[in-house]
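Below, chain A partners chain B and then partners chain C, in two separate complexes.
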Partner chain A sequence: MTPRTRKTLEFVLDNLVWFMLIFVLAIFSALIPNYFQPGIFVNIIEASSVLGVMSIGLALVIITGHMDLSVESVAALSAMAVGILFCSAGIGLGITFSPEWLMIPVSLLVACTIGALIGLFNGFLIVKLKMSAFIITLASFIWVRGIVLAVSGGRSAQDLAPAIRWFAIERFLGIPLSAWIAITCFLVFSILIAKTPFGRHLVMIGGNETATFRAGIRVTRNLIIAFMIAGAIAGLAGWLLAVRTSGATANLGVGLLFNAFAAVVIGGVSLKGGVSALPGVYAGVLLLSSINTAINLMGLPANYTQVIHGLLVLAAVLLDTFKQRLRQRLA
Partner chain B sequence: MERGPAQLERMIMKRIIPGLLSVLVLGLSMLTTAMAQTKSTVYYLVPTLLDEFQTGSVSALEMFLEQTGYEMKTLNADNKTDVQQSQMNDVIALKPAAIVLAAVDFNALKPSIEAARAAGIPVVEFDRQITSTPSDFTSVAGTIEIGQVAADQAEEMLKTRHGEVKGKILQVLGDPGDPYTLDIQKGFEEKMIAFPDVTIVSVPAMQWEASNAGTIVSDQMLANPDIDLIFLHAAHLSVAAVASLEAAGKKPGEVMMMSSNGAPVGLDLIRKGWLNTEVEQPLYAQAAAIAMFMDKIVEKQEIKPGEYDVLGLKSVVTIEDWGPNIKIPGAVITKENVDDPAFWGNMKPPTAAVESVK
Partner chain C sequence: MTDKLLVLNDLRKNFGAIEALKGISFSIGKGEVVALLGDNGAGKSTLVKIISGGQQPTSGSMLFEGAEYQAKTPAEAKAAGIETVYQDLSLCTNVDVVGNFFMGREICRKIAGIPFLNERAMEDITSKALASAGTRIPSMRTKVEHLSGGQRQAIELNRFVHWGGKLVLLDEPFAALGVEQTRRGLDMIRHVADQGIGVIIITHIMQQAFQVADRIVVIRHGVVAGDVESSKTSPDAVIQMITGQSLSGAGPEGR
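Coming up: the complex of A and B.
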């Protein structure tokens, strides 16, 4: 193999998920009526915003070799808190500020603080007390969703304050502002992971925690911060969810966790830790959103949609495994 | 002085864990005391508490059963059939006066119903009809019938818009694994088949999750911009659908909308002009009917077929293969009658107490 061919092959493998996305979009555009139009592509980007932001938080924790199953429930609780405080109908209290734009930072602060506190709680138990991340965050997944149910009484909040809803309605370059928030988050955290000492330390911890500790890096502090950031980002995802649906219901966000895991894995983040690939995760999120949109447009019998969804995700993961094997042969 | 991780762990083991255990023991003792005081307890096995109809059913059943002298306890199955089966087994062991069941799965609970009845515990079906095995009483609006009523409304709306019954309908189902939504779809499509010029596009909102419904509406409005009517199988899905329409620059009334179950959110959307119609499940009447007949159910007396007045609604009891069945008509809610306090979505429970049927 010539060095040039090898370089090209490595470039393709490094960005395989993006090529998969282009391939899938091309196939769907050719085969599904009405799929190929700018509005549908904007919808795919817009529908990816909540899952995308949530996947960033999950990826951060997975990069360190841990996991966080609580992100879905944390997002739901943050969405419900924003809904209760700033919605004017249903169980919403309809709190307003003057000037109205103040509601934006306050609602964001509420959502992210709730998430960060739950992340801190998880991180403390996992890192300080050496408890299993799987069990602790599974417990949080359950009790946090329970709080959503308890505070809402199973009821909904709707009619989010227009000042906050503005992010779902206004567009920049044809794309809703909520989607720009997700894109910005991916850019910021990709730089954070790749270019800052903190990000590099997280990757090192995921690669070998003991060696990182012996190298004098504050593993405990960094891990707790990673859990806190994951929680805060899940809170932001909840805020976006409330903005997108103009309120909150008790089952809001149900099922997002597994899609987030799928996106992270498809995006090339190893579940064993130590491998960071946030741009790939965004491609994974877009890929899942493209599949969902295709299913929505195909008008398939309701009973078969989950089967197709699952098989398409499986195909994407199998392709990713093929990529890993090919990479090992190249090495 | 700084504490090391080991010391911190020891402190937690010594102070926090005993504290937590004390709270647990106290909670258990309170639970035991409460159980000892129970008389004529009826258990309600609710499929989920994640939607407003089910949450409302808990408070309505509790209120009406209390009026007829029963205490109600509720167990939530979180939409899991196996959990509800285990709950049935546990409740049978407690020997309550009766079990009110709103089944997660219409047929999977059949053996549990048979086991309860074999143990002498009457089983009442609420909201979700089970026809594969006899029950002691069934109180339903009829999911297929809700679909049929919705079809009548769709027919009327399309006729008003086009002068004849033609056009395109987007039907947003709930989770495709839930027989409730499939029955509504069945009733709706069975009636709409009479109109060949009507195209129905049906897409499920997985897990009844609102943002999924919002995405479906966004996608479909682009793929099928000629959609005349959106029919959503639950009011809470309408909220996200409206948010998507709003984001797409639509105004209230531009696309006709209809949903079913009559939840408070749906009524609010009617007032705002987004929703044209809600097909209500008569929650209060369905719950009141159970309370009215509970004495007869518990004492295993005959329930006579005929017409009964349930909270002012003419309801018919028939004796079916699966036992006595009361069917209460679902109301159609529009802008004209949306403020009627009889609709459960207005959250004004009836003030007059229900009485047991003699």
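Coming up: the complex of A and C.
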């Protein structure tokens, strides 16, 4: 094998999920009538914004070799908080500020702070007290959702203040601003992971925590920050959810967690930690979203979506194993 | 004797009911190479971990450069100038050679107040450091998981030579090295010591200890069983210290 073909092969392996995305989009465009039009593609990007943002936080924690099951409930709580504060109908309090734009930073701050605090709580228990991330965040997954149900009393908030709602309606280059937020997040965090010492340390902690500790890296601090960021980003996802649905319901976002996991795995982030592939995660999110769109367009019952997502995760894990074998042969 | 660099004073360490160290006292001077010998479970690795900040002693004290010293974390030990190469390698195999070489010490360039990794500068330094030590690694961007055991150990060794410090602890550093690489490793140790850096090396191989060390300290059942200059003793005498005076009376079972 010449170095050239090896390099090409490595490149394809590293970006496999993007090729899969292009392949799937090409197949759908060829076989499904009305699939190939700009509106559909914009829709795919738009529909993936909430899941995309949530997947970033989840991926960040998984890269360090831990786990955060609470992101879905955290998003729901943040959405509910924004809904209650800034919705004018239902259980919304309809708080307004003058000038109106002030509501945007305040609502964002509320959503992200709630997330970061829950992340801090999770991170403290997991890292400082050395408890299992799986159990702690599973508990948070349950009790945070419980708080959502309790504060809302099972009712919903509607009619989000137009100043905030603006993000879902206003477009830039034909794509809603909410989707741009997701894209920006992916760019920012991809750079954070690949180019900054903090990101490098997270990846190394995921690879060999003992080694990083011995090397004098502040493992505890970095891990807690990672959990806080995951929480804050989940809060941002919740904010987007509230903006997109113009309010919040008690069961908002149920099921997003599993899709986020699917996107992370499909994107090539190993659940064992130490592998960073944030751009791939975005491709994974887009892949899930484009398959959903295809199912909708074909008029298949929506119930099949779950089956297909499940099979996709399975395929992703198999593919990951296959990729690793191939890489070993390459090395 | 040269100035005392590190003085250990009656260090004890208990793990529950087990006494791993029962009062260790010895010292090492600047530029001195001390070989730490002892049977499996004698407490050598525990001692290294205490000096390097990985564990805290139950009691006892240490003087480093004449000042009271106790590292709560490896970061503190490093800040004081104590480098450690562990028996089980401390490399992140999921990261490339450069990333490992600079682990925890990344060279950064600030853009708008945010530190960004300066990959090119780090790669230059890494390839120079490895080349000058005669280690051949095809690409600095190869992930460590794709390298052989010897190459990995070479990275670790070069890392401590490069960063230096004042005292270096080596916990069986040559376990995975070939004959030629081991020889080069021993040269490296001498080279480091000649710069005035103290070296404590743990090894099982008597020949290595006599080749490189100025002094040999034997630990047996958590106490110092012998502390002699290597020129004034013989391998047979050291083996007797390690096992106890006679093989039949090897002492009570325990750690």
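The rule we apply is simple: the second predicted complex is superposed on the first by the 313 of 331 C-alpha atoms of A that agree within 3 Å, B and C clash if a C-alpha of one lies under 4 Å from a C-alpha of the other, contacts with A are read in each partner's own complex, and residues count from 1 in each chain.
Following the convention adopted for this analysis, contacts are C-beta pairs under 8 Å (C-beta built on N, C-alpha and C of every residue); 3 or more make two chains touch, one makes a residue touch a chain.
Keep in mind that what you see is a predicted model, and the values were worked out from it rather than measured.
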Which superposed partner A:Lys195 touches (first chain B, second chain C, both, neither): second
Comparison of chain B and chain C by chain A residues contacted: B
Partner chain in contact with A:Thr210 - chain B first, chain C second, else both or neither: second
Partner chain(s) touched by A:Val275 [first = chain B, second = chain C, both, neither]: second
Chain B versus chain C as contact partner of A:Gln37, first or second or both or neither: first
Chain B versus chain C as contact partner of A:Leu297, first or second or both or neither: first
Partner chain(s) touched by A:Glu46 [first = chain B, second = chain C, both, neither]: first
Chain B residues touching chain A - in the complex, by the definition given at the top: 5, 8-9, 12, 48-52, 54-55, 173, 176-177, 181-182, 185, 201-204, 206-212, 214-216, 218-220, 222-224, 236, 239-240, 242-243, 246-247, 263-265, 268
Residue numbers on chain C that touch chain A, as the complex places them: 52, 54, 73-75, 77-79, 84, 86, 88-95, 99, 103-106, 108, 114-117, 145-146
Chain A residues within the chain B interface of the complex: 33-35, 37, 39-40, 43, 46-47, 50, 89-90, 128-129, 149, 153-156, 158-159, 165, 168-169, 176, 241, 244-247, 249-255, 292-293, 296-297, 299, 302-303, 305-306
Contacting residues of chain A [partner chain C, same complex]: 195-197, 200-201, 203-204, 206-208, 210-218, 274-275, 331
